[in-house]
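By letter and in written order, the chains are A, B, C and D; residue numbering begins at 1 in each of them.
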Amino acid sequence: MRAVVKPGPGPGLEMRDVPAPRPGRGEVLLQVKAASICGTDLHIRHWDPWAAERIVPPLVVGHEMCGVVVEHGEGASGPPPGTLVSVESHVVCGSCVLCRTGKGHLCPQTRILGVHRDGVFAEYVAVPEANCWSDPPGMPYAIASLQENFGNAVHTASTPAVAGRKVLVTGCGPVGVMAVAAARALGARSVLASDVSDYRLAMAGRMGAETVFNPSRADLISGVMAATDGDGVDVLLEMSGSPEAVDQGFRLLRPGGEAALLGLFSRPITFDFDDRVIFKGATVHGIVGRRLWDTWYQMRAMLRSRSVDLSPVVTHRFALDDFAAAFDLMASGSCGKVVMFPDPADADGPLTRPPR
Amino acid sequence: MRAVVKPGPGPGLEMRDVPAPRPGRGEVLLQVKAASICGTDLHIRHWDPWAAERIVPPLVVGHEMCGVVVEHGEGASGPPPGTLVSVESHVVCGSCVLCRTGKGHLCPQTRILGVHRDGVFAEYVAVPEANCWSDPPGMPYAIASLQENFGNAVHTASTPAVAGRKVLVTGCGPVGVMAVAAARALGARSVLASDVSDYRLAMAGRMGAETVFNPSRADLISGVMAATDGDGVDVLLEMSGSPEAVDQGFRLLRPGGEAALLGLFSRPITFDFDDRVIFKGATVHGIVGRRLWDTWYQMRAMLRSRSVDLSPVVTHRFALDDFAAAFDLMASGSCGKVVMFPDPADADGPLTRPPR
Amino acid sequence: MRAVVKPGPGPGLEMRDVPAPRPGRGEVLLQVKAASICGTDLHIRHWDPWAAERIVPPLVVGHEMCGVVVEHGEGASGPPPGTLVSVESHVVCGSCVLCRTGKGHLCPQTRILGVHRDGVFAEYVAVPEANCWSDPPGMPYAIASLQENFGNAVHTASTPAVAGRKVLVTGCGPVGVMAVAAARALGARSVLASDVSDYRLAMAGRMGAETVFNPSRADLISGVMAATDGDGVDVLLEMSGSPEAVDQGFRLLRPGGEAALLGLFSRPITFDFDDRVIFKGATVHGIVGRRLWDTWYQMRAMLRSRSVDLSPVVTHRFALDDFAAAFDLMASGSCGKVVMFPDPADADGPLTRPPR
Amino acid sequence: MRAVVKPGPGPGLEMRDVPAPRPGRGEVLLQVKAASICGTDLHIRHWDPWAAERIVPPLVVGHEMCGVVVEHGEGASGPPPGTLVSVESHVVCGSCVLCRTGKGHLCPQTRILGVHRDGVFAEYVAVPEANCWSDPPGMPYAIASLQENFGNAVHTASTPAVAGRKVLVTGCGPVGVMAVAAARALGARSVLASDVSDYRLAMAGRMGAETVFNPSRADLISGVMAATDGDGVDVLLEMSGSPEAVDQGFRLLRPGGEAALLGLFSRPITFDFDDRVIFKGATVHGIVGRRLWDTWYQMRAMLRSRSVDLSPVVTHRFALDDFAAAFDLMASGSCGKVVMFPDPADADGPLTRPPR
């Protein structure tokens, strides 16, 4: 089968012919219908220190996907062949204290598709049946693929209490703008959003942000204060990984407020705990992955009730064969979510064709 | 009356004769029976930047106390003259959104005795009746004075869920060792404690710490890991204000754990949010003051049921006239709580007499 | 001034000329602009056992209102004369353990306007300044009056976690339909509603119920099960006080669900705790009044952000002089909220004129 | 092997020789070391309506046990042969929404050992490996067997917030007295207990109840009110299944208090929701089983830290061959927990020998 592979240590990715995987005990074989690109995939292509530490090439990359069940491994019982499923990319042990007490998303033995084991930018992938999430028949493939990343947004937005509250989202990449939509669906009184890219702020507006701010053009502090009658916000959802954003976000948090941090800073930062957290009596939540499986049920509720519409987030579609152009676009930042299709006939919208 | 006064900008404190205060509307006049020294008082004597920014001399200093009601101001209705009361030192507005929604301890209009208005190192002080907490007759004056500071410890220890959990207290000054006792009273499975002072670690042991660690002599990380079967701790109570302690404390926190931060760092610090908070899915609580009045009721329950005994924390008693020696001892760190008595006859234990 | 008075023990109410009240210490005098009728007022007119036990005639009745501040009593500091305010009808002591720990709505010393002290169906009323809630200038008087009752709905709907959940509201009187709207504003995935009155079900639909059920015409159990894919509901908001409704509502609650009970049953009922609560691992919340003052801030957020529109609830307006016809209509049940105006010129909509 | 069997519909149990079970896929075979009698087992022997509805004879009964792993079924990976394990008796599906969102104890597909499939009053039993809980080597068998039932007590006591609170336990059978101990270990300020049996009240005292009440001899209401300075209790743990106890328990609950209900009433009861729950703003939790696996970790913490000592609960030991006498004693109520040993040589205390 064709697969996008990290061939060895160092930058770059290649399309290769590799043997199709066989589903092991308790696994199912999936035919990949759509797969979307995440920031993590860019790090792996670029071979930054984070990637160099974790990745053992050769490895098929990619972890956001949907596909159809084509075969059961030994002992696997469901979902039946032909079912459209999305995939939870974190494979957890199921038996540690965290897995056994509702915190499986923090399992120290977590192995991630496309990072610790072969991933999804391929025609086929084998995954544990427990990692499959059945989608309703007819769900557009791009939306189905997006759920893994949408889950980060829902997990972040649902950890603080947002109902009836004023929420600031710092960082309007795809997961940021999905957090805007999730916060609104969870009953937030108003959602403000900030980013240095006007392209992304426009997307935040389409996803439900009441007011958007570009701190590269105007002071964020005074802007948000004016928009909140001088009160600041009740909740901060930090999705940018920018030290400036986190500092400003916490300045804008009212006393007794809550912050959820998803964006990674990639290094220690300088932070004023006294004024930003302690004197404010603030609560700070670190967020990783999706709650297993509470977050997936929340997503299903939002999508079925149509309180969230993810379609504005999908800005570009590519054939998997054009992965290099898709990655280049993703790296440019002038896009929302970029979805790839191993079989171009599966695309649920017009494909972007790179110049040849 | 005699009072310990900050006479003007700059270091130092003086015993002065000043007019006794008159209780205003809704206030009561208290005869001070005992008053204890807090770290804040040392900052004010020393005139550090924090103090220079806030204090407007001349000012009577001190905020931890107990006393007897001697007179009611206009409109004040209780508690009746003769009642022994402890004092909540934070005078809040009562009408802002925080005061009206159970977060009065975060009121932005808070005025603190001995910081923003005349304090308690004096024979008499006038305070709002709402700030008085009736003590049981016969409660030792030193213990009654201690409650304000004990409240910081109870607030910190009761914010994360400690029942059945392994708890690490970093920083074993008086409020740290009281947090050790509070965590035990709240059902912690075990309480570990760290400090660089062996004097303080011995006090932590007397207050209920199962194991104590001195990171200046042995590696804290490996020590705590060994004591927790390699799991780390479920809860971190950070009472030291030391950047090293907070970093090590968070390293030792297990995934999904909770941290409560009371110790002030006095400046921005370098902190690794990725590994310490986000990947761990940790929750961090900033703690200030005492919850009004939940914390006071919790203290009453602990003291009445004898699940906490504060007497080992009171290591020294001085006549208020000897305040300079009392402050010097407190600054040395070789002590627990130092309590002063305007009338030496009120001392509920032997007085330390400075060399004359 | 003119006031609607319970003149003595027994059924009935009278319009009387009585002296206007004088504001006491810490009180303000309000000119009543609008006042709405609550079920409690019907009980008082009817003189049922509940009323006979509590009411000491002669008494001015009524407790839902808005008005304008006209005078301050001694020591009262705000809001200033001319301010439009709504009134929290529960006057609490402020000093008991419940008042001091965020549960003031459960204060055992609560005195209610129109029940324990003179009420609001009058030209003027004196209330503690602490019970006044400033409204934005220009808020329609009928809406401003409604907030006290809307607060019951918001308190009920916000006590269980409704965001993303399926909610069933049993009982679609005015507070029931406001609970429908509040649950939607708080992010409920879907809100189902039941009542035996089609008039009220139509109102529930206008306030946002997705599907409504009339158990007098079709089986509620099978209807709700069909509407929830056989899962039942996650949350029950019981607003009817009907033993049949509470039994059916709990049957429809899924395992691990939450119920909030506001409707009063007026007598002990027969209830199957084993199957309805224990085997289900259900959580049940008793609801009374409004959380002081969290609920009022939640209402403000909902009304300002327009996530709730209360105007469909106000179905009829009367001059206060026509109170007897207004009460008769309210007793008939063929109405939503009935609002009365001491000065008919203040009516913010067409007045219903009874036949003379 | 020998096993205690319900041979057919109707009262009675028999010791029979039956084939030893074979462990299926994912199961382990356990040699039973100790097994304790639960109230449920009495219902099954007696063949009451609850039993007649559920039990399909012939069936090996019993569900509380510990044993040693002797064989792995296909695909089972642990714990290794020779390990001492206790058994979670509820076999859940693992794939429903409740199992996947931290509420597996409410799984509608739950199958219980000794109720829906062969149980543990036998020499051997086969159970899913996921239902095994590894015990520390050397744990006394009687204590290890008790954990399943202790888990009910811990689940009940840890659902309301008991730390620093006054707790009333109504019903002092074995699970009631273990709830007394659990509440104390979780930091309760004081634990009061009531039962109509002085034998059981004495056991409650040994397990840590501060004051005990026998409502058959003195008024419970006035007794508890006197013991709580007229405040009533903050938390009610209802373990009796008695309508009188639940009514009195709720009368004694202070406004804003929490109740956890574990005792089954076996029929609908008459209950005053208005005065007992709604006007009080009380919260009521239905409790079933043990939280999977949070409760088991809590138990481990309590037993390892010695904050709970279960040994006073085990009042009698029998050879399994003497099961009839053991059941008779259990039915008499003059005992705590009765533990049986298939091999009398395994008894960790003196055996009670019935007269022959």
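Side notes on the structure shown:
Quick note on the criterion: a contact is a pair of C-beta atoms (placed from the backbone, for glycine too) under 8 Å apart; a residue touches a chain by one contact, two chains touch by 3 or more.
Predicted model only: the values in this text are computed from it and were never measured.
Counting steps between touching chains, the shortest path from chain A to chain D takes 1. By number of C-beta pairs in contact, B-D leads over the other of B-D and B-C. Remark: chain B and chain C have CA centroids separated by 44 Å (rounded to whole angstrom). Multi-chain contact residues of chain A (touching two or more other chains) are listed as 97. Across the complex, chain B meets chain C through its residues 25, 75, 78, 95, 97, 100-102, 292-294, 297. Within the complex, the chain C residues that touch chain A are 158, 162-165, 185-187, 189-190, 298, 301-302, 304-305, 307. Residue ranges on chain D touching chain C, taken from their complex, read 97-98, 103, 105-106, 108, 231, 246, 255-256, 261-262, 264-274, 277-288.
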